[in-house]
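Chain lettering (A, B, C and D) follows the sequence in which the chains are written, and residue indices restart at 1 in each chain.
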Amino acid sequence: MSILIDAKSRIMVQGITGRRGRFHSERMLNNNSPLVGGTSPGKGGDWAFNGRIPVFDTVKDCVDATNADVSVLFVPPHATVDCILEAIEAGIKTIISVTGSVPVQDMMQVKSALRKSDSVLIGPNSPGILVPEIANAGIFPDHIVGAGDVALVSRSGTLSYEVLDILNEAGIGVSVAIGIGDDPIIGMDFKFFLELLESDPHTEQIVLVGGPGGESELVAANYIMESITKPVVAYVVGENLKASIMGSVFSRNSNFFLNSVERKTNAFIEAGALLAKNIEDIPCLLRR
Amino acid sequence: MSILIDAKSRIMVQGITGRRGRFHSERMLNNNSPLVGGTSPGKGGDWAFNGRIPVFDTVKDCVDATNADVSVLFVPPHATVDCILEAIEAGIKTIISVTGSVPVQDMMQVKSALRKSDSVLIGPNSPGILVPEIANAGIFPDHIVGAGDVALVSRSGTLSYEVLDILNEAGIGVSVAIGIGDDPIIGMDFKFFLELLESDPHTEQIVLVGGPGGESELVAANYIMESITKPVVAYVVGENLKASIMGSVFSRNSNFFLNSVERKTNAFIEAGALLAKNIEDIPCLLRR
Amino acid sequence: MKLHEYQAKSLFRQAGIPVPASMLATNAVQVKRIASEIGYPVVLKAQILEQGRGKAGGVRLIQHEHEAEQIANEIFKLEINHQTVQSILIEKAFTFNKEYYLGIFSDLDLGSPVLRLSEAGGATCLEKDSFLNARMAERQIDIDQGLHRYQVRQLLTNGDVDPSLWKQFGSIALKLYDIYRSNDATLAEINSLVVTQQNQLYALDAKINIDSLSLFRHESFLDSIDPTYYGWLEHQARKYGVTYHQFTGELGCIVNGMGLAYLTYDQIISMNSIPAAIIDIHGGSTVSSMTSSLELLFQNDSIRAVLINIYGGMTNCEEIAEGILSVTAKARHKKPIFLRLKGTNDISAIETLSGLKQLQIFDSTHELVKAAVDYLKDS
Amino acid sequence: MKLHEYQAKSLFRQAGIPVPASMLATNAVQVKRIASEIGYPVVLKAQILEQGRGKAGGVRLIQHEHEAEQIANEIFKLEINHQTVQSILIEKAFTFNKEYYLGIFSDLDLGSPVLRLSEAGGATCLEKDSFLNARMAERQIDIDQGLHRYQVRQLLTNGDVDPSLWKQFGSIALKLYDIYRSNDATLAEINSLVVTQQNQLYALDAKINIDSLSLFRHESFLDSIDPTYYGWLEHQARKYGVTYHQFTGELGCIVNGMGLAYLTYDQIISMNSIPAAIIDIHGGSTVSSMTSSLELLFQNDSIRAVLINIYGGMTNCEEIAEGILSVTAKARHKKPIFLRLKGTNDISAIETLSGLKQLQIFDSTHELVKAAVDYLKDS
């Protein structure tokens, strides 16, 4: 059980007949995620996976027929804004964009549409939401971790696998693992998830994995100080990157890198979070 | 006393130093309308009319200094959308665009902004709001009519003068006269004002003056039937225009003229309004 | 204002909407030369702004070179609803399997653009009944968010359009919307949008109306206004910032505001007469717009009397009086003027006009119209 | 990606933002000829994409013809931060009274464009302290509603800009925003915007960065990518859809995802080593992106070993293995490979790699990096 996705969730996939969409939908079926339908414009009326999953032309058609309330997107970057707006209009509650590398101004339009709606966007460039034993709404590797009471919120997808792997080795299970997305602009930030996790009865401790660039971690640290009572373990990758290197080598946007990793780690320490210096240290910082 | 404007209203003028703005602002001062300030970008800090009225660069500055809550626009058509959006953002409650001939797509943007705000837009191409003995927020001729308990809502500006003149000749005064605007797209329609007038304690009877084109009168007739208990006298100009003439001669938009004057007059009769066949008949249809 | 088909197609071509190869000609010899370049069969299309040019013989298919000049000459001789044909578009003839209608228009009541798609394209689809009977779909567009592909897809799923065409429909609709927005159009329409045997969509016709209120930011369109369509008088009036409505009678009218225009027209018709013209000088008019309008009416020999019906709010009556005086001061301008002048500064305005012999002043629209109509009947 | 000044100014000119007369030259003789055409004094500006070209001598004022060739040659010989000068913009020299900064940039945290105006323009205004100390103002722009003149006016009223310039400021800001929007820029900036003695605003410099994620809809910019700036390897990598980060060491790395790139970098540095390159093949990578990336590293003689750190979610590990096999099958590719391969389909992927002698497989990032760094130290 968890935030955003639970036993009653009904998941659909936008782009279910594409190469990636088909592959990961089939995985979802095999790991017993509650996949109820998908879209592929022009293929409405077909059935995928040996007649198990209906395919629709539009998200609206799929929602009308299946009551889907979570949608996972496997569509090309240029189609992402269109598919997210379609999902918002169709009333999807939780939209997960696995697709990344979405143009910045497209995402600005999406953010504007989100503000006027009740939908939640995870990503773009998110591995999705993993709730062990309930659903793998996205692309988390199967069997990477078991159920438990630690929640993981990570900016990077691959780092979230890395951390889940380390937790699993240490015998720790999770209530939920969320990749908030590692694109220049994403839907929901750390703070949004911290707020949900604070009141989630299935979560006792929180692991937050951040990185360089932007101020999402600083906002999160401030929020932890003010409003989070559950123990938080924070890890920020990129400690050896200097601002000069980030600006030129890992270049996305020079302003974006004004907030250094050091500033972020200090903020977490001040906020009373436990700071993991190395990624391998996370398990021993969790209260056992 | 009246709707939208009362003794506590504070009126400002956007474009107060332009030819029209200066002329009509001075008239407002002379007829004791509560004019408190105006804008003219670049002239902030000046005083107009022998130091009686302060001039500001922006609507925000004017609102901060004078608490203006009504703004009357005397600006060129190409600047209208900009000035209306500025007034909305500055929190002006009642925006009156005397300027007309505003491009259609500009007004579409304005309508969208209005929907997200608490502001009310009268016009464009409106003579404004006249509340005898309180304020002439716009360009109604001075002394055209006295105070009374009949409200006038008219699409055309010049026709509203015509009707007020006729009422005045018949010794009838008004609680308020409103020109809703005669541009292709306007802010508030007949229905909006009918709703306010129904609950206005100073209004006993309503005169509605419509015209060809659009469906605002049809919506109003339906609303009168369903929700208006006060007596309504309706007059729709253009009875001798045929759709073919309107489409080609008085051409604005052919779809716009699908709803003929005859359909509108019939709708008002069905709604229980008293129909004035000629404009001169209006006084004798009002209950004395 | 309406654009000619060739102008609209040029915008389509720039935006990347597929259109058949075509060129414009202004005489029959040109037509023949161009047709040979394009390759027969070709379609000749009269470039006029009236609907129904097809029924009037303004659109002709040419199979062979020897027909070209003669048929072109026939088209150049056409007069369709008082319009003559100034130019012909020569277009590669197309064979197609199916035709659709795709359009975006400004819905003034909604205050939004609307996308409309119909499976009945072609000349008859605009007739009201057939349009309503055909399978069609509409969708309001949020002007802030613009048009998105999924919205086009949603319309397409309501109909019978083959899914292999959906992407093309989406691309064309988005490009049409860009044209609509960037040119301040009130209508941008493809009728018909056809499917070729290669399963490609092509815009066979193109219709674009530009919001005339927006022309200050699209000055290039002002150069392309077709004087044969608007008529010389309407064209002149536009330049002065006033609106000229032409009718067939002998009474020239000047009013301020559409409401007063409608009222004056209503009353003239009620008295069994008909105006020659109604010029709307709009609110806030100036001395020069009054002067120019009055000159236009005085110069027109078929106009025997002038009616001026002004109720000034924004308009300052003194400026109206000044305009009347400056025009009537000229010796050749002696047509009788019937005036009603009320509103802002009316008393001082009427004083300045007191010495004018050709002028009669009235107090109400009704009295004004009656006097003018009676004068024309009696003289 | 950054545009050159001359490219940005060409966009300015098309949009109607006033810029001084200028032309591009690629050799000193051309420079002299163009300077004579434009008329002295002129400014020569090295077209390179690094900041600080002024301090490095890349911007020179030329008063007389006899200096032109020599100074041009001096500029062509410059190497600024490893970049050589391929072309020079020759621009009419301007005398001006005052300079401003005007820019629009994408604020990634806000998820909105931001308009920024500062009364301190010029080369130093970008240095952080001077920028913050100068009078300046910012305003978030609603992407749906766009930028409006009143918003620019509101910024101007905060400052000391002469009101006679406000209209020009408004027009230029709106045009700059159009450029920003229609080209998917992340930055569109005028530094400095100067006031001439005739009280006209001119954009003396122009800087535009295009969102590289949007290049699929701006293909013309792809042709204009400057290979001297991105370097040949970065340029190749872009074509394969992967991102190449160049460093100075001997260990070539391939990872999927920025997080893993940072982690791998962190750990290499912690062990007192440095990578030669990190290639991010992103999530959902394919056999071909893996193959191309590995080829790039193998072809580089300064790279002595390859580290591959993949945790597949979207990425199917089987495709990674296939890529490794296809490259190592070629005889000349025998550099040692240190691999960590986990995630989707990892077991079957690792099975297919079992016979590969040059390959060592590890379970965690830490073990992987340690083994690779130790290898380089020991050999």
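The rule is short, and it goes like this: contacts are C-beta pairs under 8 Å (C-beta built on N, C-alpha and C of every residue); 3 or more make two chains touch, one makes a residue touch a chain.
Here the structure is a predicted model, which is why all the values come from computation and not from measurement.
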Farthest-lying chain, centroid of Cα atoms versus that of chain C: A
B-D or B-C - the one linked by more C-beta pairs in contact: B-C
Mean-CA-position distance for chain C and chain B (Å): 28
Whole-Å gap between the CA centroids of chain A and chain C: 54
Intercentroid distance (Cα basis), chain D paired with chain C, Å: 50
Per-residue overlap in chain C, given as positions that touch at least 2 other chains: 144-145
Residues of chain B engaged with two or more neighbouring chains: 109, 112
Touch-based graph of the chains, sorted into line, ring, star, complete or other: other
Touch relationships between chains, expressed as pairs: A-C, A-D, B-C, B-D, C-D
In the complex, chain D residues that touch chain B: 145, 148-150, 153-154, 156-157, 163-164, 166
Chain B to chain C touching residues, read off their complex: 20, 23-24, 27, 77-78, 98, 100-109, 111-112, 125, 127, 138-142, 144, 154-162, 165-166, 182, 184-185, 209, 211-216, 237-241, 249-250, 252-253, 255-256, 279-280
Footprint of chain A on chain D - complex, ascending: 105-109, 111-113, 142-144, 181, 184, 186, 211, 213-214, 216-217, 245-247, 255-263, 265-266, 269-270, 282-284, 311-314, 316, 342-344, 346, 364-366
List of chain C residues in touch with chain D within their complex: 144-145
Footprint of chain D on chain B - complex, ascending: 41-44, 57-61, 79, 81-83, 85-86, 89, 109, 112-113
